[in-house]
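Input: structures, listed below.
First chain A sits with chain B, and in the next complex the same chain sits with chain C.
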Partner chain A sequence: MSLVETMEIVLWAILGTIGVAVFGIFVGLLYKGIDRKLVAHMQARYGPPIRQPFWDMVKLFVKETVVPEHATPWLFNLAPIIALAASIATLLYLPIGGFQPILSGEGDLILVLYLLIIPSLAMVIGGFASGSPYATVGAQREMVLMMSYEFPLAITIITIAWQLKNTFADHPFSLATIFSQPVWGTVGIVGLLGFILLLLVLLLVTPGEISKMPFDAPEAETEIAGGLLVEYSGRNLGLFYLADAVKTVVMGSLIVAIFFPYNLSTILGIGGIMAPVVDVVFYFIKLLLVILFAVSLVRVAVARLKIDQIVYTYWIPLTLMSLIGLLLIMFDSTSLFHISLGW
Partner chain B sequence: MNPFVPIDTGSGFWNPLIWVIVFIIALLIVYVIRGLGRGDYKKNTGQTKPFLSGNVVENDEQLHVKGGNVYWGFTEAFKGYYNKIKSMHTGDTRDYVLWFLVMMVVFFAVVLGVM
Partner chain C sequence: MVLPKSFKRSLWVFHINTGSCNGCDIEIIAALTPRYDVERFGIKLVGSPRHADVLLITGPVTRQMVEKVKTAYQQMPEPKAVIVVGNCGSTGHTFHTSYNLVGPVDTIIPVDVYVPGCPPRPEAIIDGVVKAWLKLETLEAKR
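Up next is the complex of A and B:
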């Protein structure tokens, strides 16, 4: 690799990070507003205007940022910064707006899985650093929640990579490979059922990843008064709010990239300058639908689960679902069970 | 060796240096955003007391949540399994040696069976 190529990658990474930060924060807050409006209508309420999350941010940033007396100040203040920075950095490795990832050659799906842990871990550290019993209980629950959803999530990701490894020889974990080769076209009917199960698992892992109903036991406002965020206020709480918004975009983009990487310009045969415009609009619609099914609908339909019920849900039914998905896709790869879809 | 070349195992790959650069830039951006907010508060006032839903706490030790509670969610969800495992822990060394032998037999049976 020459010096010019190296400088090009570094410059691309710097500009990409700035662009993705603006994109992730804006789109995250916008989808938060849409989610709140949709949920309100489902519950026969008017709900706040879609721009409300932007006003919430302004409000939080003009309020005092209190550091409680029992807190460890430097850790308490650092945790929200790490959470938002890690969420922004993760977006760089994902295909957004219908385009290849900005850092497609610099990291793969395994890296994304590890990066997804950092914001949750930062919240745990922030909770423990708060010096509050509510925050400590919330942080402990967040740790248990993380250990719960990682298992079915890992099985799902490994299965997809295994299938791509069978179909294409190189780099099955590469998001560029996954984005350019939709998984649905690589299997027969049995494998299709397997991928539908894996999609359901990933849709149910999403509310856990972003601590939304019914998996929001770490925050549980009515029970532990906001849990690990109970002592956070002002700009620190604002940063956690932004991290949550960006992580929602991350999870939505991940599901879109793995299961719905199709571009409308390719399907309709649109070329020229209109192609990227159509693809960006189509990406936003896909992202909205994923967030609607994985976050909005689930949190309206189901009440909060207790932490032991969350562990059970992720470790037994969802892990079994992902294992059945894995088995179906493995069976599909044998000639005995492979029934072609004719795609 | 160019440190900007990604580490590649054949299946997975990543470039740690690029990640560090990206993460530092993201940290700087977040630090700038944080700087837009208000940083002051009233120190040593009731504002800095931890929120306890109005409960009176006589000493700080009562605020402590034991580390042993961390895995409560797991132990409660799988209490049937944990109760069985606990009852197996008799504290008698002969029982542990017996378990070791049984597990070794199972292990060799599996390994030899596969081979």
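Up next is the complex of A and C:
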């Protein structure tokens, strides 16, 4: 490869990263606003305007940033930056709209699985570095939460990769493969049931992953005063706020990429310049539906679970659900149980 | 320094009870309910003084709470405002001669807005929070 080509690739990656970062932050804050508005309407309130998260963010960046006396300053200030950077890095591996991911390789899904842990881990580190008992309790809860949701999430991802490996031998963990070959078309009716179970598991892992309502014990405002974030203020809190917004987009995009990778332009047969526009709009709608069902509806419908109940929920019912999904998909691949759907 | 417009549209409130009878606290909660819905103005109750722009104090200050109020006030990042909700915090009200009270809130920390009433109506509390923003703006202009 010549120097010019290498430069071109590097330049493309840098520009793409900046673009994805801006996109992720903007869309994340937008969906935060939509989420708050929807939740308010479900509770018979008017709710804040959709621009509210943008105002919140600007305000947080204007405010003074306090580093507490008992904190470890460099870790305390580093954690929010790592959280935001890791969230944006995850977004680089996910297909957005009709576009292929900016970075891709052979093991994208495994990498995404690990990158998803880093923002939570950064929050844990920041919590411990705060030197506040509330933040320590929150950090410990966050670690327990991570251990809980990781198991069903891993089973789900492995099952999908296994199914893709059966169908298309090369690059089973590549998101580009999953994106071009929707999983629904590769199975019969038994496998379809399995995939519906896996989709449900992934939708229920999402609020845990981004610490939202039933699984927000690490940040519980009413009992541990904001938990992990208790000592954070100003710019650092703003960065965590952004990381949370981007992570919502990441989880939504992951579900969209795995389960709903369809593009409207190919279905309707739209070509030319209009195709990417139609695809991006369709992607926004898919993302909105995923966030509506995984975050907003759940947030309104249920109250906060205790940390032991969270562990139970993830380890027993959800793990069982994902294992049943795995078994159904395995049965589906044998000729005895394979009932074709004819698509 | 001029505060951006965003500041006005996003005031996060930390509520501290310094020996109140819960009357004012319930009126604050009423301001959050669907009927008054302060969230539509971007006003939000937060769990930590570090996240807050406005300190909302209810109740006359009991001896036990003096240091805690001071700590909470010092923990808040600048720029900040303090609102006292209810007669007790403003003047001591019925309890002004009580032996275990240190006194109205303004003898301990600087107060920007007083919301009188026993308890004040939720409308008055919302108005107080809006006035606190005006106070913040003038403070910043003087600097």
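Keep this in mind: the second predicted complex is superposed on the first by the 335 of 343 C-alpha atoms of A that agree within 3 Å, B and C clash if a C-alpha of one lies under 4 Å from a C-alpha of the other, contacts with A are read in each partner's own complex, and residues count from 1 in each chain.
Note that contacts are C-beta pairs under 8 Å (C-beta built on N, C-alpha and C of every residue); 3 or more make two chains touch, one makes a residue touch a chain.
Keep in mind the model is a prediction, meaning the values are calculated, not measured.
Judged by the touch definition given at the top, the superposed model places A:Asp56 against chain C, while chain B stays out of reach. Look at A:Met274: by the touch rule set out above, it reaches neither chain B nor chain C. After overlaying the two complexes on the shared chain, residue contacts for A:Lys165 are found with chain B alone; chain C is out of touch.
In the superposed model, A:Ile14 lies in contact with chain B only, and not with chain C. Between chain B and chain C, the partner in contact with more residues of chain A is B. In the superposition on chain A, contact is made by A:Leu229 with chain C only, not with chain B. In the superposition on chain A, A:Ala301 makes contact with neither chain B nor chain C. Looking at the shared chain after the overlay, A:Ala86 reaches chain B, while chain C stays out of its contact range. With both structures placed on the common chain, the touch criterion links A:Gln309 to chain B but leaves chain C unconnected. Contact with chain C, but none with chain B, is seen for A:Ala44 once the two complexes are overlaid on the shared chain. Contacts of chain A with chain B, set against its contacts with chain C after fitting on chain A, overlap at residues 62-66, 134, 225, 230-231, 234.
Chain B contributes residues 2, 4-6, 11-15, 18-19, 21-23, 25-27, 29-31, 33-34, 36-42, 44, 47-53, 60, 63-65, 69-74, 76-78 to its touches with chain A in the complex. Every residue of chain A that touches chain C in the complex is listed here, in rising order: 36, 40, 43-49, 52, 54-59, 62-66, 134, 220-222, 224-226, 229-234, 237.
On the side of chain C, the complex with chain A involves touching residues 3-7, 9-10, 34, 37, 39-42, 45-48, 50-51, 53, 75, 77-79. Those residues of chain A whose C-beta lies close enough to touch chain B in the complex are 1, 6, 9-10, 13-14, 16-18, 21, 60-70, 80-82, 84-86, 88-89, 92, 103, 105-108, 110-111, 130-134, 136-137, 140-141, 143-145, 147-148, 161, 165, 171-174, 225, 230-231, 234-235, 238-239, 242, 307-312, 315.
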